[in-house]
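One chain, chain A, links the two complexes that follow: it is found with chain B in the first and with chain C in the second.
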Partner chain A sequence: MKKRVRLSEFGAAEKVLTPLSYSDLAPLPGEDTSQKQFKPVRPELWEKYDYSLDGFSALNLPIPKTPEEEAAIVNSFLAGLEKLFKKENNWAFLQPTVLSTEYCMQCNTCNEACPVYEASGRQDIYRPNFRSELLRRIYRRYFTPAGRLLGKWAGADVELNWRVVYRLAELSWRCSLCRRCASTCPIGVDNALLARELRKLFSMEMGIAPDAVHKSGTINHMITGSSTGMTRAAFLDNIEFIEDLIEEKIGRRIKIPVDKKGADIMLLHNAGEYMAWPENPAAFAILFDAAGIDYTLSSEAMGYEGVNYGVWYDDVQYARIALAQVQAAKNLGVRKIVVGECGHATKGLVTIADRLCVGDFAIPRESCLPLLEQITLSGAIKFDPMKNNFPVTMHDPCNMVRLMGIINPQRNVLKHILPPGQFREMPNAGTNNYCCGGGSGFAIMNSQNFPEWRNNLASRKKAQQVLEAFKDVLDPSIPKYYCAPCSNCKGAARDALMHHYGFRDKYNIIYGGLVELMVNAMIDVPHPFITWEDEF
Partner chain B sequence: MNSLEGFVTGPMVYLAIAVFTVVTAYKVHAIMNMPRHLRWDLYPVPHQGPEGSKYQKVDFYKLPKQFSLTHELKEMGEEIFFIKRAFLNNRKIWRGSYLLHLGFYIGTAWLALLVAGAVMEIAGVRVSAAGGLASLIYYLTIAAGVASFVFGLAGTLWLFHLRVHDEEMQAVSDAVSYMNLGLMLLLFGTGFAAWLFADPTFALLRAQVAGLLTFTAVPVQDSLIAWQMFWFSVFLLYLPFSRMMHFAAKYFFYHNIMWDDEPLKAGSDMEKDITGYLSYSVEWSARHIKHRGNWAEQVASRPEREVDKK
Partner chain C sequence: MNYIEVNGVKIELDEDGFIVEPDLWSEDLVKAFAKTEGVEELTEDHWKVINYLRDYFKQFGIAPMIRKLCKDTGFSLKEIYDLFPSGPAKGACKLAGLPKPTGCV
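On to the complex of A and B.
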């Protein structure tokens, strides 16, 4: 049942502010949610951790035991909130933060754009403007004279207690930062930005962030060289393994260039590819070799890892990683960095880092998609589209499409490697797309019961879009390919679309990147590169 | 004329105009002088034109700057004059919002016409239906005034209705939203009432404006005129302190954030500014932040304390 939650009651002592049930969710075609229930949380966990927002936990926040602990949470939050609005601490996003904090007109236009809000059965707490409005009202209440004096008459009616702080922390991790809401706001207010600002406050002041993103993410990244924990030695082993894989797939060994000084391009993959989808870097190697691209990988710690989880939650961690990646390219003396099929890595390094790369850090950085288009159109490689004679739909990763405007190159590639009639756009394709549900860290956050929330709420809209795109070919006897040129989106496809919604078993839909499809269509590759039976 | 009416139709109006101008200028100046932020583009960016994002090209950084003024103006025009995003994404609110904005746009034109008429009167040209430019001003003022009040009132009432009766709107509306609408109701309502009951040709108001322009007290013929001027002044005094300042802030949302695709160039002012920001000392206190390090030091450091903990 839809639960009405007033902003001023956000800190109420209810066990769970908005308990979710399956019957609230917007059902997919043919989905019967009436008998389903979310897995109950074990009593010992209830005692220990805070689930009081919606019954889920992304952050493992331990419930405070004493009034002193409760007060410390509130005080630390207030200290962080003040810093968020000071240029010394937040110059990098101060102007957007201040503007989005001051000028929301409470018109709700953003609500209908949000896949989480829609999927949840329109629960108040998931409105894009709900968490932003909490931030505003708390800020006004504690940091503006009008708010202190006039309370609700100055839009300042949220009183802090530890529950407000913890619920708000959890709530900042219920938005995938897809910015679909921002693109509909008549004023230009950016609720995703504010969700990220909240995450920053929690991380940079209070040390609160999901373990997968922080401890085993950016911290691990800096210690081992990769967020996957892959050391240099393991990376080099993986490259050998990929060379074996290529030989097995195409009957010919290709030497993948590593640490080639002075190469034209340093190619930077999300290291998750090496572990989970080695076909992807293998396909890049096959294509670049065939097209005669002068490139190299770096084996330097942080130089072989393209991810930058800092993009999602922490400016300091973000900047450390981005500049270490550029440093690796500098050390190799390459002309430019090309980022592989990973959305947040591309946006993080190409767009957001742009104004951080001052002085000799200004090495050009770009997405792989235009290069793949150039390779395809150049005629350097011969393709036989009939080798890809199955229906394909294309997911638009938010980071590359809505946030960078890269829309055409991937479609131009598909035009050349698919037979006519096999490509179908999803509804809302392009800059109006929906997040895969794995955005902003969700794809890697697998602790506690968070995956259940993610699969059911964040990925639900994507599942609906995929079904819509394939609606005339859902028959499982027809194999279908969901093309997601982004590592995180593939992670979400694997966990949500394939495992949770069962698209592989029910409809014979598999997922993969763009380069795999390209290699699959290469005339020089004797056997199918994409095999429906195995790894997907 | 009692002294209160004298204050409302004289000093209070000057004060309101002065406060509005100074505070608006101050706020705009403050926004403009905030540090440059990191890129946070949102596509499509209209000035990139039909070609779309440069990021779609190999070696995009070598390409000349894209700037299609036509596409940018078209998008701005659609947003300013039709409130396009609300129209496309929220028709319900758009109906009220559009009428209300029309009320303000036409109301601004009406004020300009009143001032023009007053200047003519000061110069000895009588603004009446008698013909010539003066009669054009005469009729346009009436038409603009009435249209502004009617549209403004209709829009405000519709938005009030939504905030009171639509459950979803109710859920997000704070006291300030109602207060702002209340103020607009008084602004347009007193204007409408004064026109209807006291000043059908706006001659009385024009005389007040002429008085204001020449710093001469003009007797108030009807207290509705004083009320109208009072609520106008209150509105002006409140406007720059309120979220309704979005009329100015919106420019920065679009041009300085969503559509700001200016790349960093070597030796540019932007580079100098950002290099300067890197010396700001960081106060964040989580374990992975280098204690009291500036941004340059933060970036060069690794989270030692977190590493120790592992």
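On to the complex of A and C.
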């Protein structure tokens, strides 16, 4: 049931502030949610961890046992909150944080832009501005003279207790940072940035972050060289495997350039591609070889891993990783870095890194999509669009499309590799597109009952868009391709669209990147590159 | 904390049921896991997959890509699922005592 929650009651001693049920969700065409229920949490977990926001846990926060522990949570939060607004502590995002905190007009235009809010049956707590307004009121209450003295009369009516802090921590991980709300706001308030800054406060001051993102994410990344745990030896073994795969697919062997000094480009893939979708780096290698691109991969630890989970939650972890990636490029003496099909990696290196990569670290850094467009338009590769004679829709990864405005290059590629009539846009395509549901770490956060929340709430609008795009060809005898040029978006496609919503079994929809479609249309490639059979 | 009991000894598991300390792996642990992961009887084919995973892990410190597991053992993904109903990562790797996969995989 839709529940109204007053901001001043966010810390109420209710067991669960907004319990969710399937009947609240906006059902997809053909989806029967009437008999479904969310899996109950095991009693021993319920006793131990905090589920009091919405019955789900992204963070495994242990419930405090003593008044001292409760007070420590509040004090630590306040110390971090103060730092968010100080230039000595917030070198990365101080200005947009301050502006988004000070200038909201409370018009709430952002609400309807949010896929989670809409999918949840419009639960108050998921409004983009609900989270931001909590932050604003707490800040005013504790750090402004008017708020301290006048409380609710000065718009400062949220009293802190440990529940407020822990619920706010969980709530900062119920937003996928897609920034659809920010692009709707008439004055540019960025609620997603505020969610991200809250995550930063929790991580950097309180040591609170999802294990998948921090412990087995950035920490593991810096120890082993990759968030996947892939060491240099494993990377080189995978490259050899991908060379074998290419030989099987195209009938000749291509030597993938690794550590080629002075190459024009260092290509940086999300390492998840090597482990889970090796056709993607394989397709890049085939295309770059055919187009005569002078490029190299790096085998240096952290030089073969494009992800930077720090983008989502922690400035220090972010900076350590970004600098190591750029250092790897400097060591090879390349002219520029091109980031493969990964949205947050592109955001991390191409935009945020501007604040870090100055002086001799100012190596040009680009998304692969304009380069793929140049290759296609140059005529260096001959394509036969009829080899891709099936319906295709294009997912717009938020970080590349809404944030960076890279909208047309991938579409210009599709014009040259698909026969007329086979490409169909989703409703709201382009900068107004919806998140896949896997953004900001959600795709890799698989602990406790969080995946159930993610698949049902964060990915629901995307699922609806995909069905809408293919509505005239849903018949499973027609194979269809959901093109998602981003690793996290592919992970979400696999886990939410294919496994949870069953799109492959029900409708014969498969997912993959852009380069796989390009290679599939190459005249020089004798066998289909996309096989429709394998699912990994 | 989660545990699995093998020959009267409690072995710690993470929240997804993977062993926390890889050195505590034993053939008896595989037998105990088989029951919880829907493997009715451990056959030669199961051991072929488990031994391959363990060898790869010893060499590279990580589980192999699934594509490589299939190619090197000669089993299709479907056959891997037939052997280990909870799948290559959550099933086969767990029985082989490997840590759970991390990163964008």
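Rule of thumb we're sticking to: the second predicted complex is superposed on the first by the 535 of 536 C-alpha atoms of A that agree within 3 Å, B and C clash if a C-alpha of one lies under 4 Å from a C-alpha of the other, contacts with A are read in each partner's own complex, and residues count from 1 in each chain.
Going forward, a contact is a pair of C-beta atoms (placed from the backbone, for glycine too) under 8 Å apart; a residue touches a chain by one contact, two chains touch by 3 or more.
The shown structure was predicted, so the numbers you read here are calculated from the model rather than taken from an experiment.
J.: Which of the two, chain B or chain C, is in touch with more residues of chain A?
T.: B
J.: Using the superposition on chain A described above, determine whether A:Asp24 touches chain B (first), chain C (second), both, or neither.
T.: neither
J.: Scan A:Gln448 for contacts with chain B and chain C and give back first, second, both or neither.
T.: After superposition on chain A, A:Gln448 lies in contact with chain C alone.
J.: Name the contact category of A:Asp190: first (chain B only), second (chain C only), both, or neither.
T.: It touches chain B, and chain C stays clear.
J.: Determine, under the contact definition given at the top, whether A:Cys107 touches first (chain B), second (chain C), both, or neither.
T.: A:Cys107 sits against chain B, while chain C stays out of touch.
J.: Quick check on the superposed pair: does A:Asn238 touch chain B, chain C, both, or neither? Answer first, second, both or neither.
T.: second
J.: Thinking of the overlay built on chain A, is A:Trp153 touched by chain B (first), by chain C (second), by both, or by neither?
T.: first
J.: Should A:Asp50 be classified as contacting the first partner (chain B), the second (chain C), both, or neither?
T.: Neither chain B nor chain C is touched by A:Asp50.
J.: Following superposition on chain A, which residues of chain A contact chain B and also contact chain C?
T.: Common interface on chain A, chain B vs chain C: nothing in common.
J.: Spell out the residues on chain C that touch chain A in their complex, using ranges where they run on.
T.: Those residues of chain C that touch chain A are 15-16, 59-62, 65-68, 71, 77, 99, 101-105.
J.: What residues on chain A touch chain B, complex-wise?
T.: Residues 4, 6-7, 79-80, 83, 86-89, 91-96, 98-99, 102-109, 111-113, 122, 124, 127, 129-130, 133, 137, 152-155, 157, 179, 182-190, 193, 203-207, 214-215, 219, 222-223, 314, 316-317, 319-320, 323, 336, 350-359, 362, 364, 366-367, 369-371, 374, 401-409, 431.
J.: Could you pull out which chain B residues touch chain A in their complex?
T.: The contact residues of chain B facing chain A are 31, 34-45, 48, 52-53, 55-61, 79, 83, 85-86, 88-90, 93, 97, 167-169, 171-177, 179, 243, 245-246, 249-250, 252-254, 256-258, 263-264, 266, 270-271, 274-275, 277-278, 280-289, 295, 298-299, 301-303, 306-307, 310.
J.: Looking at the complex, which residues from chain A come into contact with chain C?
T.: Chain A reaches chain C through residues 60, 212, 216-217, 220-221, 224, 226-231, 233-234, 237-238, 241, 245, 270-272, 274-276, 278, 307, 342, 443-444, 446-448, 487-488, 491, 534-536.
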